[in-house]
């Protein structure tokens, strides 16, 4: 066990898997030992694995994703770092239209074991915070991981690297160099598609990922002081979505607050909300509240950035709104 | 009034607006008088308006969208035809990351009056049926029209061409050369963001767009014979979404069936469902059922294409499922 | 290098077969036939190792896949969406090819993706150090996509073992090459990537084959990618239902004289490799084989709902790595 | 063409101002300064008409916008996210510019978009027949994006009035030009689009200005686009916090000798246009002006929540057209 930041945990996961599996290599802009990747997202990997496994590319996101897909088809297990989720659109067409469909359309003859890494989220960077998760999450065949803690980040990265399908791995910039956590050094994985109840409770279910999961935990703590017992569920992967864990929680609390740093239209958590409503709202009343990003482009000035996003206050308000009334 | 197909109605709308407004021009591959656009999507326009207003481009979707944005910034009102929604991803980055944000980020100094036309939907074509509507609908600042009838198609196209914001206009291939409808020749528009109740009813609300709206109307007819009165609401535009009209209908019926030809995760109709549940499920039980595209890539053989999609039978089944029980 | 009789004969078999295949499939609805472009296809993909990869342009793709060992009947069944096809009807078999033959097709309708993806296959080949190469082809219209630029540049930077062949048939749908490309030759684009750019008469299958083979040798030797502009002409319409009435008559007529099958036949008879009768024999055999394959494929059943695979979205997860 | 004293003086004012601006802003967190590249920026955008459009590369963008008439204090307020900025703090002012000065910036962090979009502005200009032109610049790293290829090709096909300038500073973050581009000059890429490609010493602001102006004249005359490879060097790190310890010492030293400000000063004194003292005067004035503008901008208030504009998503719909 060691105390790692989110960024260190991701790197440790990659490094362990690269040692274990010769087929893994890492492609990206400026990920070599000189620059070590945007925000040190590839720190130490270039020095350790050399330029044949840590391969720098020109600024060509579409070719980078395509190259990852092709190498995966030919037996490798590539990681492609696209710096920021903001650039996902440039590589989306080969990923979503072709790679995502290959297993199904080839009738199980070929698969694409490919991990795409992206930074996102309102953090220290000026901009680049957009997640555009709907672009990849909306297309069947792509898995999407969105961890909230160092431990989950490492375990999910290891799972992603052992997965035979394309996985887009979101790394939140506000968590990246943030709080350290005990992270096991042994061979654990956090499976894709397994939510975790981060805090148990009985009055209301809060669902959130990444930074919003952290904010929700803070909100839950505050609410506990007010006598409201909130259960915080972190899906950890957006696709596959562990609807079942959320359903069980909401079946118990009959109150659901969904917190998202994304825009609601097209948010995979909106689909989760709809699924829960479809399953649980038919027999008895079900209280639902959603807290999301302001429905405009992301502003720039920090006071505006903060005000456009959910935070502990807006989360607790939403919880109170649906718990008060009975 | 004349009897027009969907395709003829779209062209008539464009043609009328082009006559009225010199600033409008049309960009696309093979849209000139030789080929008249994929599926005759630009039929007659090249002959009528000539090569300075009907401009053919190389196969360069990203530059085409970018060119539309730039021309819009410089005072024109471009239409860019991307043939199929399948190619939206190639032009998504300039559209979603830049154009969609320009009004907000410039603090109202610049706007982007741009219409992007795409064909989609399981129809006569081999493939090209994917809609990827989540890619554009999930980003604030882009409007999305998805008409189900010739009359709506013309009216929405005219509204789109008078709108000051980027609008993505979806043209369903199975409706394209299908049933004719009386379409007014006068200056009507169908506003973006205004749902229409296509068939009134009191037991259940069915929400659907485009081909699925047509299927839902057939389903409603069949259900009427069984004594179930279904109200069919067609949002007509996916963004802005007329939540209010749907809410009013569901407040009356307390039963909602959402039919989509798209995948659920990231489907804007999932967000609609979540919104309705958020507003209406808290006080009393609310029955919800969703019928969507099979959660795999679209298959190719016709029997598989059909079986993967919602149809009259699966719609009526869903309605029965949530009406039976009380 | 004068080609020997064996090579000429092999090429002839393939071009003749290609002609029949493209002509007959061109009658099926929605097919994009490559009549007149068989020289490019055969020249591009003949003479590779089984372990090499190809990523053929969609026009002529079935001929290419067949050259790699894929069964004609099953390929054609793929065009028709029959259950006997390699994907059991799940994918458009006219443009998507069975990858088990190291042959990449289009898994969507989006041009350009195979350019990117085949570049990645070449990246894997370069890491494997088994001296495998990739040969990929695409239309001149497709060369205007960003995917072309990014792929060629990436391949040049990493000195990848790949040959890029532009099947330059003068048209992209109804758009003429001289409208959409203002360079003299697509080979002019090579300089921007610091790689060799070569223009070849694509209808001369021998010249085509030789140009590709030297680029392949270069790639195999680790000297990096090459761009080849293979000049040909689209005799067919864009697809079956295209009246193709927009090609200038004289242009068309002059190209009909340069038909790759005619050129090859003339060479075979001139060099005394085969007589007209022998040539006709081979064409007859090809016709019979393909007619039979089409008939069989047409008689094959549609997929049943067991192929629908609603739960077959993901490849099973590897529990442990090897 | 020997430049006259007036031109030299004007250029000097701008280069000197640019140097101060880039150096001082380079101390703000996250800024991407263009020290050493001011010759390219000034040469590219000097001498245009107000009705022309520019789309400058993000590195040096504020200098370019200021050359178009934008107020320094408000521009700098944009870098800091202050309410006095042109967007009231809604957008990253380091890379996004006020379009009311016919100056396009980046509305997102994605490189390449301005290439596509400025090509569209040129399309509008060509339709307007007012002989407006567009001058756009971008890094050599950015020239590896598909957007570059598609834009230049489209502009060539439609003979658009646009000048593409590659601000080739030897690096893209830590990636050297010779790693990411295997062509000799970015100008080599022009041939693939059938447009002129010109290599210029970007640090020679006069040569730069002249090359751009002849391309502008060509564009204005309806003769279509030009690609200019403006060779320069990134003296600054990629951004404020980049230690920039990866540039070879000798390479850096040799480029420091070719500093555009030094070159221009040498010329001005050699030609007797100005004395060292006069030059120093101008630099001092620039320093004062910019220090003042920065101080003002820093003292400006942050935006209040009235700027948040949760309902300001859409431009109001036109009820009726004009």
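Each chain gets a letter, A, B, C and D, in the order it is written, and its residues are counted from 1.
Everything that follows uses one rule, which is that a residue touches a chain if its C-beta (ideal position, glycine included) is under 8 Å from a C-beta of that chain, and two chains touch if they have at least 3 such contacts.
Which chain is which protein? Per UniProt: A, B = Alpha-ketoacid dehydrogenase subunit beta.
Treat the numbers as computed from the prediction; the structure is a model and nothing was measured.
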In contact with subunit B as well as subunit C, sorted by label, we have A, D
When B-D and A-D are ranked by contacting C-beta pairs, first place goes to B-D
Distance in whole angstrom between the CA centres of subunit A and subunit B is 30
For the pair subunit C and subunit D, the C-alpha centroid-to-centroid distance in angstrom is 44
Rounded to the nearest Å, the gap separating the Cα centres of subunit B and subunit D is 40
Rounded to the nearest Å, the gap separating the Cα centres of subunit A and subunit D is 36
Within subunit B, the set of residues that touch 2 or more other chains is 57-58, 60-62, 86-87, 89-90, 93, 97, 101, 104-105, 130, 140-141, 295-296, 299-300
By the touch definition above, subunit D meets two or more other chains at residues 87, 90-91, 108-110, 112, 144-147, 150, 153, 157, 179-181, 307, 309, 312-313
Among line, ring, star, complete and other, the chain contact graph is complete
Contacts from subunit A onto subunit D in the complex sit at residues 29-30, 32, 34-35, 56-62, 84, 86-87, 89-90, 125-128, 130, 294-296, 299-304, 307-308
Subunit B residues touching subunit A in their complex are 86-87, 89-90, 92-93, 96-97, 100-101, 104-105, 130, 132, 134-135, 137-141, 239, 241, 258, 263-268, 270-271, 273-275, 277-278, 281-290, 295-297, 299-300, 322, 325
Note: in the complex, subunit C contacts subunit D through residues 144-150, 153, 156-157, 179-184, 188-195
Listed in rising order, subunit D residues that touch subunit A in their complex are 30, 81-83, 87, 89-94, 108-112, 141-142, 144-146, 172-175, 179-181, 246, 302-305, 307-310, 312-313
Given the complex, residues on subunit D that touch subunit B span 53, 86-88, 90-91, 96, 98-100, 104, 106-110, 112-113, 115-125, 127-128, 146-147, 150-151, 153-154, 157-158, 307, 309, 312-322
